[in-house]
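Next come two complexes built around chain A: one with chain B, the other with chain C.
Then we have the complex of A and B:
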């Protein structure tokens, strides 16, 4: 009976990589700040802020998707995910960090009255017949209050669930009543998180943070679409960490059976994203009402045309063709490749959602975007690795752990 | 060593001291004994409703659509409301068999057979409404795009109404195949137990000569998986396309992009409510409490509170956008025609909200989820609420359109319009009573498959694994990779 490696030790190479990425990111940030943020014209300034904005929102949401995954599987009484449950837990520790960064950026936009990004901040909005009617929702006070509540509660409720999970590390048996009570308390906490998640990611927050950039435009699907995009990327992020830890010789009990199921989530939610994408696009196209089609005008017929199709290729065509096969979902290399592709694909999706509205005339995708993304990836690697090293990699006495060990698809 | 292990914390899926033989006995019993008085009374009532429905349809076909209270403004009324309502109900069966299979929800085995049967009967009922709403029902075949002698007259492929024809007929076909292929081994069980020649022959034919050989099981398993794969997108596509009937238009209250997923969630919601209604009766009448346990009922109530809340978020999203869009027409529809309790149809909107969003929230409480009376009452409430939803969507959007001169007076259905609806209840329950009498209402073979992991008596014997340290357990049982 071999003992297992429960404690993650951060490899030097991983640290180096995270420092390098953070270095590149900081450099890009400084260069961007100098050339665009301060140095450039107004348009450059907005592009700079917009780049920070969509990156921070994207990375916050995909890390928060990990907590959503934990809560959804907890509520569904899932057992299969327990052996690797600590990975999404570690990823979700990023929510307060990335959430704060996002908040600072959003606060700056509001504080500086940047009405090129949020048109509803301008003086004209008060006399615009449509916008003035929306000011009850689109106003700095509500925006800031709601954002604080959102990020705050995500962080607090998430921390509560992670703390609860630590109880499963102690060598007390989790059978019988102790186990029942543990599952019960997990369920209650997960339910609280899910409800708050539905009221934020599932509805208000994407409207407030992103949809209101096109202040006149609206689509009831917008938030669910954003959720699908961030959840499928979140699953891919979990897959990447699972594969990484497996390759380093950790997570003995996780095997291709678990990977297969994560792969199924990646596949299914790629199709789900496409379903929502199609529903939103087709209904707007079919009805052909100018105030709705205007959102797609420069995305389909203007400079964003290339990205518009790239979005569909990366996020639909590739996943359906490559992940359809059973073997693909059980193959470490292919899952790694697809995870990177899907995260990149949805990053592009967020890019066009935000920048497609801020910079309508030209696509500015370039060194700054990749640099800022590198900053977030670097920070993510650094902090997630740290969080992983803090706790055993497996909740050893979780009542469903044994189901997870013998899990087969 | 391969181990069938399940945590002791999970409730058994089959309670009581059952072995394989006992399972066959319990489930086949209702087929093998004479029907009870209760069955005859129920069947007779169902047939009566069906006959009245047939008479109502006869009147509509003979005298025309004027038999109903539809008018130029409210061109869709009870008929399409009922259509969408039945289609929605017809979602639970395939969701249970296909999607819950993919999610490996063991409890589906207790309810899948009856839920699938219900699905098929519900879709059959749904189909009646658009067909007879055509008015000249003898022209119904025009919707089929076959090579014809009508020259350029060809179905309009741009119309979501035509997509419906394809979506629903495909759904019915695949659901039927899925249901029937699952029935094969169980028909064989009934055949093998038969005491009379006629019975043996009839069930023998129905079982397609099933012998239970390994080869048969192998093919059966792969067929099930293929059909599950095909059904999964169908569960979503049918109600998505039904939602397109509304959402592709520019009618305020209909043209909203969230419609497709929200319709699907609503359909699952109503489907589970109907499954709950039927299952609670079935387990009581046929003494199947050991197979459809409180655990099953609780699981379905969880689905109800989940989908009810998703639908709730969608309702509020729409209502919010009705204001946020600052579009006068959307605002009028949502805030005047619907959310205003004192507008002509305000009652239906609040009825919908109360039944679908507010009342299911009681299922956050475990005690109430596991209370049979509360569950039964709630299942009826949800069925009513989902009918209101479709009525709200259709009538409150149509009755006051862009042109005030064509606004409609208050719409209430004629007795024939209502009779048609009652008739579909007759059809539904006639089919269901026949099903309950002649078919195994629970999937015998599938129950046997979960018995050794999740049966109460088997779970009691697994104590050793529960006490093991994870390392020892893994060493003993985890398969090598």
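Then we have the complex of A and C:
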């Protein structure tokens, strides 16, 4: 045990990269603010706000997926993830940060009564026969209360689980019965998080934050679809950090067996995403009811046609063909490549989900989108590296550690 | 259907079995197979077995299913018997996907089960020689094939020194043959006569 490098030191290059990305992002934000946010017409303004919105929601959800991963494996009494468990923990420290950014942006949309983004904010909604029935759910008070609760409880429950995890660094607190009690307290905390996760990402939050942009339209698949999207990109993000730390000579006990299981999650949930995507699309296509097909009209037949098919190629065809082989999931290069591809693919997916409804006439994907994404990636690298450096990289006295070290796929 | 000579060594502990496998392989003996009461992790690796191709076969069965479904449905709905269903185009790919998916799974699953049974030589009405009946209960049975260079007495002694609790020599048919369970003795006698 003495020889392992358990303390992560942030390499200078990583810091430089994060500063560079944040710099690019801030520059893009200022330029966007000047040319579109304040300077442009109303449409430009909405595009600017929409870009901030889908980026912040996307990055919040994929960082929160890390905590979901920890809780799901804890509840399943899984031990295999223990050697790299500190990585999803570190990624989940981003939830309060990205969550606050998301909340500020959403609060601004609600506060400025931007009914071009949220149509239910307008005065007409009160007399609209469809929207009238939805106003009990889609109203500023509920929206803000629920968003505060969502982001707040994600952060609090996540912090609770991270705090519990620190106990496993100490040999004295982890002997015999203490270990059992540790597992039990972990299970209870994880269960609390999962319940809240189901009530938020699994149902209400995607309805409120994203689906209500098309206020008249609804899909029962939407939340699961968003969850699948964020979870598969969240797993890819964990894989990227695992590979990065392995490359730097950390995580001696994590090997291709663990990578294989992360790869299985990426593969399986890519297919799960496709299943939901298809279920949503085919039912609407088959029923062919105008108020439902309106959502797909400009996406399949309008300007978003290219992105629509790119979405399926990136998020279904590539993962199923490339990740299917056992060898591919155990290959560091391929997993890195696929992780980047999947994260990019689902970012594009979120783009078309949000911007496809805000800017129906033209696809505005360009420097602003990549710039804002760079800002979030830069912030993520900076803070996750900092969180990783704070704790030992392996919970040395975790009761399931041995199970994880000898893990065999 | 040629009978071969085998030396059989039985072990009652995994921890003894693994070093024994390694020594037997280093000594140059040819392991026919090891029969265990339950799947033993890492034994395939220790025996130097190659990775199974079952999943490649599964992939091929799967795409066969996909092709069958798409070409079948495609032919029926566009060439053979085009029907107007709810005003949808005749070539309505999204509606075909569920069936295509089902056939892909069906072909892959059934094909892989049959291939697996063939590779493991499992089938009704088929007989196989059992080297030791306790292999299904509590013994790890290592079967080593004798070549013309193998001295079976040396090999038996070698297995004993490496922890085998029971050792014997058997002349047996390694493959499967057609037969019924009730007529086991007679069938074995018949094959012995033929051999």
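Here are a few things to note about the model shown:
The rule is short, and it goes like this: the second predicted complex is superposed on the first by the 404 of 409 C-alpha atoms of A that agree within 3 Å, B and C clash if a C-alpha of one lies under 4 Å from a C-alpha of the other, contacts with A are read in each partner's own complex, and residues count from 1 in each chain.
Here, a contact is a pair of C-beta atoms (placed from the backbone, for glycine too) under 8 Å apart; a residue touches a chain by one contact, two chains touch by 3 or more.
On a predicted model such as this, the values are computed, not experimentally measured, just so you know.
In the superposed model, more residues of chain A are touched by B than by the other of chain B and chain C. In the superposition on chain A, A:326 makes contact with chain C only, while chain B stays out of contact range. Look at A:286: by the touch rule set out above, it reaches both chain B and chain C.
When the two structures are aligned on the shared chain, A:113 is found in touch with neither chain B nor chain C. In the superposition on chain A, contact is made by A:408 with both chain B and chain C. Contacts of A:126 after superposition: neither chain B nor chain C is touched. In the three-chain superposition model, chain A touches both chain B and chain C at residues 286, 408. Residues of chain C touching chain A in their complex: 41-42, 51, 55, 59, 86-88, 94-95, 97-98. Remark: chain A residues 1-4, 75-77, 79-80, 129-131, 133-134, 137, 173, 175-176, 179-180, 183, 191, 198-199, 202-203, 207, 218-224, 252-253, 255-257, 264, 271, 275-276, 279-280, 283-284, 286-287, 289, 291, 394, 396-397, 399-403, 405-406, 408 touch chain B in the complex.
Those residues of chain A lying in contact with chain C across their complex are 278, 281-282, 285-286, 288, 324-326, 408. Interface of chain B with chain A (complex): residues 3, 5-10, 102-104, 233, 236, 240, 244, 247-250, 255-261, 302, 309-310, 313-314, 316-318, 320-321, 323-327, 364, 465-468, 470-475, 477-479, 481.
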